[in-house]
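Each of the next two complexes has chain A plus one more chain, namely chain B in the first and chain C in the second.
Take a look at the complex of A and B:
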């Protein structure tokens, strides 16, 4: 039976990070993954990630995946694909199906990083073709280049639902509406705003009650829910859609850990009880990433690396001194991601009213998915009536992200030490209109406004990630934050550069009084 | 976690509901009504329901329906899903053809 110092189950962000750390410490590492391609969910993530520089913020997820793979290869990690780990047994033995044979391996340490599965909720017609997980839709679009449908109803307003809805739009699929049983948008306000300004409505306190059709989805019905989440008869609304996407949460895939015999608990699904480095109650068996508790890819990479370091330390590959250093660094990095409005301790709370700075959170953003005109002025990233071009940062919730601060070389933007602080625009600093902040914002919440364009006109520069790019001179309408047409608009320019990594800077010309209202551009006349 | 195993707890009689014909386990084609009925007939744990009706024994191995069945069980028992145990996990964790399962490498 072949033996490894570290066996990693799952080649996603957590597993690969652990494997790299282990191999770089001198361990003989094998990674097993049941899929044909490594990377877990990372290669489907075409959006820019949040965080700080050390979390690889403003880098698109699939590029982070490419880097992890290259690092793993360089470190000498053995990656076995199409290798289904079917069992985790006593003495850290695993049973693996590879092609048509069953193999057994032993690890002196084992890391389980098997990730999560998508939740489903049953409703009339949910077994019809066309009802799918949001992750499945993402796989079809971003890995296989196939549109999952032509018009989608998205169920779930957490970050998965919001991000996938946006990617559906990018893939040329219409999104009819986003539905959530909760009374508040679950994900980041900036993700919601990207959708509302294109005209997509949110139906909160609503749930899907029926998918219509005989052999595939031809429509969907939603209804309002009462405080116990029961549909209220008579509130039904129909949508002509051919696809219903479910983004109603994830559950850890912890079966291997359960069969290993380690202690488990319930944290939105069965998860192993782990110490601060991811070690389970069975010595030498670790868990990291979503299988140990649902979070996201950035924290999975950190918990993975931490567990890899702990495994290396346990077997003597990493000195106590070095381990203390890596672990302090990782724990600090993780702490940064765990702060702010969407921190784990705030999960599910609906009573938050203030930002960390003491500014009232936007009610409209929670209820409708966009900031209202009346609320926008109170945030430190928003300065009105300044002479000349300047950034307007519509970042109003404490999310762990700070690339805008590094993007501006002219000192216009300050976030400070805590990466969850709201960005502050310094009205004194000279903005040159380079737009690097606009492209750096993973939440696409930064706009450049120039009220002095002449002839009573102003320009608004916005991040734009849809093809084809509008051409200079193109006429259309400017849409407000709520997605409603506010005025006629003309494209001044559409700038693309490698440094902006596919976020174009679209500049439109609008009447001066609309400079704080126009936030999207559409060439189709929408009434 | 096993406080709801007591079969003396009175959970009332099985009462039909309009959504009883909803398929819950797609692999084995088991309806919500069948699961609810089984609970009222005495299947008070996830493992018992699996042995009795086979939800979670098909191709997806309960990856889709496991959570839904647990929610139904919790509701019928008047408790929260978090206090209920999952089905016993054992290998093979993924479906495997018996021909392959018996094909030990090196033998």
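Take a look at the complex of A and C:
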């Protein structure tokens, strides 16, 4: 029976971060993962992450995954793939199935980082081929390069549903609508906005009631729900789709921990009771990432590293002083992600009406997925400056993110110390129109507006992540925040640069009075 | 359908093109990709039919958890096609219950 200082179960963001920390502290570390490739779900995350520099904000998830793998290799972490951990015992032994044989390993410390699985809701036809998890669709398109379908109904407006919907569009798949039984969009407003402006409708207080078809999905029916989430007869609406994606939450995969006998509790599923460093009630057995409570990859990396440091400290590989330092750093980093409109303590709340700054949150954004024209002026990223090019930041909720502040070298954008503050645009500072802020915004909420383009025209520059890129001179229509055509538009330029990592800057020319309305461009004039 | 042009991902690393059969019909896919990916790219939706009610099932979780996409691969039933790499000459059969079609 082989023995390790630290055994990590799960090679996702939490597990790898713990393994790297452990190995760098001098521990002999083994990571076991049932999959053929390491990285967990990180390699299908092709969007730019939120947070600050220390959270690797504005870096796309799969690039963070590549870096973690490189770091793990450098640190000398041993990664066993195709290795299903089937048993975890309180004496810190594990049983692993590798190539149809079962092996025993012993760890002086063990970290469980097995992640989560997708939830489902049953409805008529939900077992038909074509009904799948949003994560499944993401896996098919972003990892394997295969479209999951041609036209999708997305069920769930949390960040997973929103992010995957956008990625479906990027993969050339149509999204018919996004439905959610809740009365409010669950995910970040910026994620919803970038879908709505392309013309995708949101149906809040609606749920899917039927997937049609005999041997695969050929359509779907949704219906409005009452306050007890029961479908209201007579409100049904039909969509021609071949795919229904379910993004209705995740559940921790804590079976191994339950088997080990550690104390558990219910927190959106069964999770282990852990201390502030992730140690369970069984000494030396730790848990980190989604298995200890559903969050997202950025916090998984932090809790993973924290648990890895705690394990190293427990066995004497990391001095108390060094541990205190790492621990303080990680806890501070985590605290930053846990503030604002979407903080853990605000989860599920529908009564929030104000931002941390005391500004009214957009009702329209919650209800329809876009900021209304009347609301937009109240946010500090939207300046009244009418001379020359300037950024317009349509960031209206306190989400933990600040790359725009670092992107501007000319002092146009201030977020301040707390990364959940709304960005403030300084109308006095000189904007040179470089567009770095536009490309750095993970929420794609920054536009450059120039009202003085001449001839009564203005230009609007927007982030654009679709192919083909429109060519200069191309004519089409500008779409408003609600996805409806507002005016004719002509492409001035479409700039791409390596620094912007596949976010193109599309500049369109519109009549001056439309500069605060035009937020997307479509060459399909029929819109 | 395969994605040939993606605004963020420059390429989808694939192995060489290989041939396999589905219920005796010649198919093509890329070595090393999940069997399920090759099937979906070829427009195949139904992987199996359930034992009692004969209901169709296809890709559901795509990461090897739900077992909805299991098929008979080289004579072995209940193979999770979403996490099993495609190899040259594989013989894949739609599964009925736990068997192939008589």
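To be clear about the criterion, the second predicted complex is superposed on the first by the 523 of 527 C-alpha atoms of A that agree within 3 Å, B and C clash if a C-alpha of one lies under 4 Å from a C-alpha of the other, contacts with A are read in each partner's own complex, and residues count from 1 in each chain.
Everything below uses one rule, namely that contacts are C-beta pairs under 8 Å (C-beta built on N, C-alpha and C of every residue); 3 or more make two chains touch, one makes a residue touch a chain.
If you're wondering where the values come from, they're calculated on a predicted model, not measured in any experiment.
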item: Chain B versus chain C as contact partner of A:416, first or second or both or neither; value: neither
item: Which superposed partner A:344 touches (first chain B, second chain C, both, neither); value: neither
item: Contacts of A:377 with chain B and chain C, given as first, second, both or neither; value: neither
item: Which of chain B and chain C A:34 touches, first, second, both or neither; value: both
item: Partner chain in contact with A:117 - chain B first, chain C second, else both or neither; value: both
item: Which of chain B and chain C A:141 touches, first, second, both or neither; value: second
item: Partner chain(s) touched by A:127 [first = chain B, second = chain C, both, neither]; value: both
item: Touched partner set for A:427, first chain B, second chain C, both or neither; value: neither
item: Touched partner set for A:102, first chain B, second chain C, both or neither; value: first
item: Doubly contacted chain A residues - partners chain C and chain B; value: 34, 117, 127
item: Partner chain A, residues of chain B touching it in the complex; value: 19, 22-24, 26, 32, 61, 63-68, 81-83, 86, 88-94, 96, 99-105
item: Touch list for chain A against partner chain B, complex; value: 34, 84-89, 95, 97-98, 100-104, 117, 119-124, 126-127, 251, 253-256, 258-259, 266, 269-270
item: Contacting residues of chain A [partner chain C, same complex]; value: 34-36, 46, 60, 117-118, 127-133, 135-137, 139-148, 150, 170-172, 215-216, 465-468, 502, 504
item: Chain C residues within the chain A interface of the complex; value: 1-3, 5-9, 12, 14, 33-34, 37, 40-41, 45-47, 55-65, 68, 82-83, 85
